[in-house]
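Both complexes below contain subunit A, partnered by subunit B and then by subunit C.
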Partner chain A sequence: MTAHAPRRATPSGRLLLNAATGLVLLFLVAPILVVFPLSLSSGELLVLPPPGWSLRWYEDFFTSRRWLSATWNSFVVGGWTMALATTLGTLAAIGIHLGRFRGKAALVAVLSLPIVTPVIVTAIALYFALALVGLGSTLTGLVLAHTVLATPYVLLTVLASLQTFDATLLRAAASLGAGPATAFRRVMLPMIAPGVATGAIFAFATSFDELVVALFVAGPQQFTLPRQMFAGLREFLSPTIAAAAVLLIALSAILLALSEFARARARARGIG
Partner chain B sequence: MAQQGDAPLVVFEGVRKSYDGRTDAVQALDFAVARGEFVTLLGPSGSGKTTTLMMLAGFEDPTAGRIVLDGRPINDVPAHRRGIGVVFQNYALLPHMTVAGNLSFPLEMRGVARAEREKRVAEALDMVRLGHLADRRPAQLSGGQQQRVALARALVFRPALVLMDEPLGALDKQLRERMQLEIRRIHRMLGVTVVYVTHDQGEALTMSDRVAVFDHGRIRQFAPPAEVYDEPADAFVASFIGENNALPGRIVARDDAWCSMALADGTTLRARCAPGLAPGDAAVLALRPERVLVGPEAWADNALEAELLETVYFGDHTRLRLRVGGHDEFVARLGFRDGLARPRPGDRIRLAWSAACCRALAPEPAE
Partner chain C sequence: MSRRNLLAAALIAPLALLVALSFLAPLGATLWRAVEDGAVSTALPRTAAMLRAWDGEGLPPEEVHGELLRELRAAQEDQSIGPVLARLNFEETGLRSMLLQAARAAPRLAQPLSRSLPELDPRWGDPAFWRLLKRSATGWTPLYLLRSLDLRIGAEGVERTPAGEAVFLRLFARSFEISLVVTLLCALVAYPVAYGLATMPPAWATAGIVLVLVPFWTSILVRTAAWFIILQREGPINAALLALGLVDQPLTMIFTRFAVYVAMVHVLLPFAILPLYGVMKRIPPEYMRAAASLGAPPWRRFLRVYLPLTMPGVAAGSVMVFMLAVGFYITPALVGGSGDQMVSYFIAFFTNTTINWGMAAALATLLMAMTGAFVALARAFVPGLGAGAARG
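Moving on, here comes the complex of A and B:
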């Protein structure tokens, strides 16, 4: 994609701008692109250029119990994290937006702390906290840990979508006979749905990509995909890791497309 | 309209509202609205008229007092169970639903069957002449059309009471006047009770059966438009509604409903007298500019000559600013009269008005 050229740019100026833009994009994307040829290598080693081309490492991925179970774990943990974080984050955002109380900004800041706290700190804290209540090395513990990390993203995206929500609509709904639950379901939720959907996708992605907390909190039975890749890097370095990386990138791209789709649909319907 | 007897539909009993626990947005309101009546709450912004409407709708809780709807106290009834139609200032149409969907919504909430819903939505849209726009979304409508959808939506479930919060505020003047007529037509047709909030005094006078004039959280006067205009209860009402000359002076003599009043320069005038004023009291003489007769042949029980300071041409009339009783802001209107020389600033002009047209009122306490 090209940047919007300023209207009065000279041809040479535009060329320079396009070249600079291209270079920046290359700088950002090139490191990621490296894993594609690596994953398609026919050799046993992670070297460039690959000695030949094959899909053997993808086959290895899809036939290995270890990789499949890690993938499954990632989906389970991501799914539960998404459900919990979306529920909590959405409710918190609505409460903060509609509530009449002081210190809203401070409350949002506190609830967003997991975003700015170094992940390693959160991870160590969660490791001890979960061990204390007997949830160390359990899927439940990992889901709770990821929910802590993911909820702020939902909170912030839903808060943003609430900025354009006119609270008078809730009064209008009440005047028409809708109780609070119905008004939420029929009036508020449809209007903030794009924000909730984006938040849910962020929550899933946060959990799906997460490594540091998984390192501390997950036992061997709860290895997620990133955790399994990390183990693979240290123990049996093979191009399967590159294949897994490509699959992760593909999934991220799909999630990004989904959230863009949700936004575009909301715009088409004249909301958000 | 009055099937359920003559009991008022809405009663406010000592209703008070304070947001901060110290100052009252609304102080001790007592009033009643009859069935089928069109009542307007009129006042400057911050006078408590909207707060009063919001308490009636159920969006604000009174700090004290009781609100009765149809004989039933509704303080503890949540807004969605009050069955009151509301037209909001910004219309508050549900943007993700079509026009028909917006109108159908209150019927769905009441469990009306689908076929009946469709029939009543179509009827309501016809009533506001928007049948052809049923499938549009609110964003695709003009302001006037959105306003009419909001009106139809507040009426489609046949409430006994409809509240309107400055519903025409966002429309241009021409459209506003058309909608005023439209709302009056619908009010007469349905016999529904309307409580209407506005800060536009013209709107209040033309539309209402009775007007409640609000100021600082209190009702200053609650009376039919002609009474509010011609017999203002106090100096605030006199100055807030319509153009008004307020001449400060002192009561000289009083006999029953009439009094003599002396202005600063000694001019003595006859006027009707507000209750509570006694000889010696400071008072303000309230007089509408259009009640003043102008010209050499002008004759009435108050007559004087005054210096013309300024004329402003308005087309259908000329506005004269004169010095009367040492007061430079006295305004009179000169209507069109054939063959009469147009007066010029500096002229001495004869003015006259009937004592029945002016009132001596207690002055407003200084803020």
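Moving on, here comes the complex of A and C:
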């Protein structure tokens, strides 16, 4: 059972460790779980246990213009960000993989800079820059900003999946008469597809969850779900926020499941 | 260039262009904004040119006084005077009203102005004011960066800001302290959990990892919002404590440092657990068995074998946690009090509330320098540390 311990750990020690692990895992998920009953409350206050159960806050969410337009904006911005980041990141990763030049590590580091830069710095830099070119408070500006944040993740995941890609396969395809485009489409793309998919999901999630840049770059017309939630937390704490949180959690869970699915596919590919 | 590299360059170019235009250029512009100082030379161009030509000794010639008043009045009439007043008032409080007063009084002032102006306000006769004005006409200034470090330019060069106005060093120290505490807490909590998960039966471990991944994928705002609700005075924790009779009065948890620590550790803990779990999974059990067969007692096996082997995981997680923590904005802003805000909060404050973009840019520059220095240090001391390795 305990593969790492030389002898089986003492039962009490193991029990203690399991209890501690369980408690921390509870700490990690409890806040997320607490939101569910709060969102189903029939009362106006965020108290546990709720005075009764109802779906009124979900109804409120789905009939409120502000929440619906925020949801719509989030999907539009997330979708465009995913498309742009996946395209740019995948192309660049393939280019870096194919190229025969020095300083690849430095190039990847520069292209991944948006990940290591504090988000607030990126946010104000883009706030000034987008205002300068007339893209402040536009969805286009927000998409551009989110693409900058999300593309490095695509680049890194696709690069990782390319590392396991065997370049002789491309030569084999060429020797069998496939042109470069065909070889790419029929040989390389299927092999790296799970990596691309993981990157794409991550890009969407990055945009969908992003708040700091949205705080600066989005005007009231471009409020995304996190931006609208933030405004709600600041102004009036209604259970609609809990309902919105539950919907965001559900979407995160779907994205997580998708990414794990892509990962499992990648693993199967790697072995098979 | 070979055809292969030509193709590679063509594939990399779109992303390189995006990063250059939409990230590096705005970032560079922000760094420049931290030292840029064009307010005076834009609104008062002729005065600025005259001041640049002046040697800075004593008081400037009479015509500089005249030109300054003329341009001030003109700027006031076409309402472009705001940035100049804000800029000068930022360096020395009170200059706004002094300049406005002089602009209003200009038509009634007797010649020579170098005598009538000081009668209006003695500061006009102070060479220090004119030197300040000359400094502000050069186009760039170290003022904002100095102020971010609680320094200013005084009569004898750079000096400390008086104690009442010195806030920024304390702010950086506080951000550093919060990040450090959060990093230590994360490492301390993550270690046993990762060990527990790594040594559980696989089915249990998988379930456990899912419980780590779910919050990892849940938006930071949603998790912070959950804590915001839970830690309220009327929130679930206080309700439970009151119901159990453990407290008579609801505890104040929201808007405290405690809330900031709890929420930040919650947000960042997966970044500490995941790399550590990965490292622990890869340690061959034979190592520990070998140590045991050589007679090492458990504590010694742990200290001499297991801990050193898992240190790269601790380091990778901790660097990631610290780096993210230093730039935190949303979580302290929502659950912390006014004394728990970090550098990011003031960057946002100067950008949105007081519209002092020089200060916002200067603080951003220092925050970036702080993060960069930390990452460089970590890389130097922890070999094989990659950026962005923890997510994904």
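Criterion: the second predicted complex is superposed on the first by the 249 of 272 C-alpha atoms of A that agree within 3 Å, B and C clash if a C-alpha of one lies under 4 Å from a C-alpha of the other, contacts with A are read in each partner's own complex, and residues count from 1 in each chain.
As a convention for this text, a contact is a pair of C-beta atoms (placed from the backbone, for glycine too) under 8 Å apart; a residue touches a chain by one contact, two chains touch by 3 or more.
Quick caveat, the model's predicted, so the values are computed rather than measured.
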Subunit B or subunit C, by number of subunit A residues touched: C
Touching partner for A:203 - first (subunit B), second (subunit C), both, neither: neither
Which of subunit B and subunit C A:175 touches, first, second, both or neither: first
Touched partner set for A:192, first subunit B, second subunit C, both or neither: neither
Partner chain in contact with A:88 - subunit B first, subunit C second, else both or neither: second
Complex contacts: residues of subunit B adjacent to subunit A: 57-59, 78-81, 83-86, 88, 90, 92-96, 105-106, 109-110, 137, 139, 153-154, 157
Subunit B-touching residues of subunit A, taken from the complex the two chains share: 166, 168-169, 171-180, 182-183, 186-187, 190-191, 269-271
Touching residues (chain side subunit C, partner subunit A) in the complex: 2, 4-5, 7-12, 14-16, 18-19, 22-27, 29-30, 33, 189, 192-193, 195-201, 208, 211-215, 217-223, 225-230, 232, 234-236, 239-240, 266, 269-270, 280, 283, 285, 288-289, 291-293, 301, 323, 326-327, 329-330, 334, 343-344, 347-348, 351-352, 357, 360-361, 364, 367-368, 371, 375, 387-388, 391-392
Of all residues in subunit A, those that touch subunit C in their complex: 1-7, 9, 17-18, 20-21, 24-25, 27-29, 31-32, 34-35, 38, 45-48, 87-89, 91-92, 94-96, 98-101, 107, 109-122, 124-129, 144-145, 147-148, 151-153, 155-157, 160, 198, 202, 205, 208-209, 211-212, 215-216, 226, 229-230, 233, 237, 241-242, 245, 248-249, 252-253, 255-256, 260
